[in-house]
Amino acid sequence: MPIRRDDRGRYVEVEPRRTEETAWLRCRECGELVFRRKLKESNHICQRCGAYFFLTAHERVTSLVDEDSFEPLGLGATSLDPLEFVDRRPYQERLEEAQAITGLNDAILVGRGTLDGCPLVLAVMDFRFIGGSMGQVVGDEIAAALERCAQEEVPFVLVVASGGARVQEGMVSLLQMAKTVAARNVLAEAAVPFIAVLTYPSSGGMLASVGSLADITIAEQGAMIGFAGPRVIEQTTGERLPAGFQTASFALEHGMVDQVVTRESLRAELTRALSVLQGGSHG
Amino acid sequence: MADDTSIRALEEKVAELRTMMESGGVDLSEEITLLEKKLFALRREQYARMSDWDRVKLARHPERPRGSPLVEAVAENFYELRGDRMGGDDPALRGGPALLDGRRIMILFHHRGSTREQQHACRFGMATPQGYRKAIRLMNIAERLRLPLLSLVDTPGAYPGVQSEEQNIAGAIAESISRTLALDVPTLTVILGEGGSGGAIAIAATDRVLMMENATYSVISPEGAAAILWKDPQATPQAAQALRLTAPPLMELGLIDQIIAEPVGGAHTDPKSTADELRTAVSNHLHELSSIPLDELRALRYKRYRNAGSVRAAADQRG
Amino acid sequence: MPIRRDDRGRYVEVEPRRTEETAWLRCRECGELVFRRKLKESNHICQRCGAYFFLTAHERVTSLVDEDSFEPLGLGATSLDPLEFVDRRPYQERLEEAQAITGLNDAILVGRGTLDGCPLVLAVMDFRFIGGSMGQVVGDEIAAALERCAQEEVPFVLVVASGGARVQEGMVSLLQMAKTVAARNVLAEAAVPFIAVLTYPSSGGMLASVGSLADITIAEQGAMIGFAGPRVIEQTTGERLPAGFQTASFALEHGMVDQVVTRESLRAELTRALSVLQGGSHG
Amino acid sequence: MADDTSIRALEEKVAELRTMMESGGVDLSEEITLLEKKLFALRREQYARMSDWDRVKLARHPERPRGSPLVEAVAENFYELRGDRMGGDDPALRGGPALLDGRRIMILFHHRGSTREQQHACRFGMATPQGYRKAIRLMNIAERLRLPLLSLVDTPGAYPGVQSEEQNIAGAIAESISRTLALDVPTLTVILGEGGSGGAIAIAATDRVLMMENATYSVISPEGAAAILWKDPQATPQAAQALRLTAPPLMELGLIDQIIAEPVGGAHTDPKSTADELRTAVSNHLHELSSIPLDELRALRYKRYRNAGSVRAAADQRG
């Protein structure tokens, strides 16, 4: 599954290769130079043109949970490189680089926290980590989080930012689709709510498994939501893609998501969703 | 494949001699037998040193037994069920009840078509949301009537079209995986030819997964991997190798349960014996699975996929 | 739900008002006068043009089960006229007339029989009985048949010929949809096969309930299959109906049925379907 | 409605006096009170001798409380869920979780829209296959999260369009009935306005069925019945009468469980008290239903629909 970027989305990417933080970033939409600290205050939205800079997992977590409430739950595992994969570079090298850039073991950050006092387990993907692709670590983390939520009866919120399966793990990555879906079925039997937030991008094997099976699915404005990449579709079928293809509103119109919200209102929207699923006195 | 041309030349020669013998009345049987021995040796030699990329080409071989002819050869009384009950019927993903070795089962299979028109209609076995929703309907029937499920996978992948996206192909695949995993009947997959990514796993998350000797099962096509990771179409054979998409490494990784032997040269050289091998393997596994109580079966199934390619499971194994 | 006739279908109706049997019938498709006895031999298909004359319930039963194997199982009930309904004529009168014409208590004939030796319970509707509409008797008969099949583990075959709900029974008729679906769910839990045969016409409340919920659904060539009548659609929406709308092949193309078969091959098709669902040595 | 004009004249007069009083500063409150009493008496008189056809018109009244405004008035924290996950979202049939009297429930409701554009988009509350498939999805969520189901029915019927047929509207309704009947949570329907045939029963085969005092529930519209059975559009009022589509006869037939009182003149004269009455009735029934063990509930539900309008059940009752 290709790692892809949608040029039509109003998403602005942080250059993923740089480990050191620069003070200024350039908005790819309007060209404005924005001060990184200012950007944080504006929820990583360009104040001039409204374009979204995508969030790192840590930034997303901070924007969604009550201050200081987040407690990481990760398994602490790193990919075993099950295929000993080498393309132009060894997969091992790519992993180490991504770990250095993101400060994460893999493309997902899992933890517990509260949102307006309501406890939840939050799993947030980081697109900078090899395109947010799902390999054995992402699969294990999501499955463990789902099982934990089922056991402890805490709602699960998954923020998707993924280009699909981790190609470098071959069939091992494909099987994470089955793994995460199996664990999602466990949560369903426990009657615990699952909310998915689809951001830029939500595609490939991630969308074709646990990412499509939430009780409530919220799309962030500017999300790219689709199974196959635009280039693959055009090359395979020769079809011309309609305007707005695979945008959040396309997904809403085609019945794939429940709501589309801006980044500013995502937190409130999650609170609203959790309160109706968790609230109530008669149980 | 290496040396493909010399094998073809020899094949043609044998065919010529046969025609001569039949029309002319001259007895050439001795010469033919000798040539066939030579041909067999060549095939075996070539077969033994096949690269993974050769294997991909064999899995895609136009004459490889697959689709409804193979289903008819393996099972009896196949009754095709059509339609997703929601607006369409996908000819690329088919199925229905059948008898296999006297056992009632539900078969799902990809169909690539043999004529050009069929292949166009079936999109070379790339199924649409309608196909996966039909698959879910058939799984519901299988569970209702307590028929074990047999998935025969042979697809380049799910169909990547505009309408597929409009009809939520990702959601259809996800639901199909979910339904397969939750089925209250024994379930079995055989990767027949190509096991292409999401389009394959959609119906392959079963209690057991078998692979034909020359089948491939991969998260991405070698061509796709070469383009994306190597940025070079020439790297396709290399990508095929790196992806570990053939049966032996997948067996080593613990992702499949059995490799079904094919005749030397590949399944297409002897469709009849291929069908027999396939039937025997399927029948044996279904027999074993049917002896396991259903709740135990579902627990085993959960464990299987929970541990599939897991960091922890692997660590446990190694440690 | 209106009782309707599809003029595009190649179906030829027997005049339902006449109680005495005439020796000759005129084919509405080709104008040929056909001898009634001859017609029976040809499965009620015009030998000149291939048009289908619709079958009475008794004729259908005869065409499908082994000779002399049919044993009626009907409840022997007649409609209680729960609304004491009168339009231009009292419903009671219509009932009595339909009973006289058809020799049936209501629009359905239920019984057990064998097909190539395989036991089954067969329920066949009769379009002559107030358009094959489903009122309380049809609902009760289908529900009782489904329950019996579940209990005795005998497959159920339903041959639909119905314009929809029995308007003269008002809401009582609408509730037969829920009743028959509830009984169908009982059969499902018993793991007993259910085959529906859709003939001319299969529409309205009959199609929107038990008629759409079989394990295997076979359409007879010449069937009309659709929820709303063509006239209703045109009047409500102003849409032009596409060619072949609501025909058997339309239903096949749109994923509503598994197979389309000619009347001549229906019996063999049912045998084939039953043998794969019932056959097998390992259970 | 009979005497509608004199009531309207009086209503206008009261409004005039109010405006005069507010702008002119003259105290007309005594006159207004008197006129309002007269108006109320007229309304009650008219209300008492309403024909069934009048009732149909009241059920269809453009200002009748319905759709999402009514949901917002009856429940708190309503969170709308959209989409069938298969290609579309029908604005005519909506739903989502909400809190009603502190209880978490799943609400389904028909939405007819109030503006012309909305009404067009919602097709006046006539749902499509996409609507019923969304309803099934929401029922699945309700069962998964153990939320009782509340269906608020207000539809002229399912949408009779070409695309509806292409997407198998009959099958969608049948599946929706089947899913409703199999739900492992308490289920409750209120017929709010029009309960139109298959489009209504699709989500109304629930443990209890309540009707608003001026709602109608019918297998066919009076206009349709007049056209088909009387072959005369003039017979519409007569058909309305013959169909027994109002709450009292349906209560007598044992097909509904409670009639929810409306203010004199109809629900639209006092939306606030209507919402309160509705909430109380729903809350009471949900409370009762939640005390019944689920397997007993499902057995009762089966019996209810098995016996609904049954010849035998009726015979037993009479005999």
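In this document, chain identifiers A, B, C and D correspond to the written order of the chains, with residue numbering beginning at 1 in each.
One rule holds for everything that comes next: contacts are C-beta pairs under 8 Å (C-beta built on N, C-alpha and C of every residue); 3 or more make two chains touch, one makes a residue touch a chain.
Because the structure is a prediction, the values reported are computed rather than measured.
Q: Give me the set of chains touching subunit B intersected with the set touching subunit C.
A: Neighbours common to subunit B and subunit C are D.
Q: Which chain has its C-alpha centre farthest away from the C-alpha centre of subunit C?
A: A
Q: Centre to centre, by mean C-alpha position, how many angstrom separate subunit B and subunit D?
A: That gives a centre separation of 52 Å.
Q: Quick check: how many Å separate the C-alpha centres of subunit A and subunit D?
A: Spacing between the chain centres: roughly 41 Å.
Q: Need the CA-centroid distance for the pair subunit A / subunit B, whole Å please.
A: 33
Q: Where in subunit D do residues touch two or more of the other chains?
A: 85-87, 166-168, 171, 175 - these are the residues of subunit D that touch more than one other chain.
Q: At least two partner chains per residue is the criterion; list those residues in subunit A.
A: Answer for subunit A, listing residues that touch two or more other chains: 212, 254-256.
Q: Work through the pairs of chains, note which ones touch, and then classify the graph as line, ring, star, complete or other.
A: Contact pattern: none of line, ring, star or complete.
Q: Output every touching chain pair, sorted by label.
A: Result for touching pairs of chains: A-B, A-D, B-C, B-D, C-D.
Q: Please output the residues of subunit B touching subunit A within their complex, sorted ascending.
A: That would be residues 158, 160-162, 164-171, 173-175, 177-178, 181-182, 197-198, 200-202, 205, 217-220, 224-225, 227-231, 235, 239, 242-245, 249-250, 253, 255, 301-302, 305-306, 308-312, 314-315 of subunit B.
Q: How about subunit C: which of its residues touch subunit B in the complex?
A: Subunit C reaches subunit B through residues 188, 191, 193, 212, 215-216, 252-259, 272-273, 275-277, 279-283.
Q: Quick one: which bits of subunit B touch subunit D in the complex? Just the residue numbers, please.
A: Going by the criterion above, the answer is residues 85-87, 129, 133, 166-168, 171-172, 175.
Q: For a test of understanding, state which residues of subunit C touch subunit D in their complex under the given definition.
A: 1-3, 75, 77-80, 82-83, 85-88, 136-137, 139-140, 143, 165, 167-179, 181-186, 203-205, 207-213, 226-228, 232-233, 236-237, 239, 241-242, 245-246, 254-256
Q: Report the residues of subunit D in contact with subunit A in the complex, numbered from low to high.
A: Those residues of subunit D that touch subunit A are 77-89, 96-99, 102-104, 130, 134, 141, 144-146, 287, 290.
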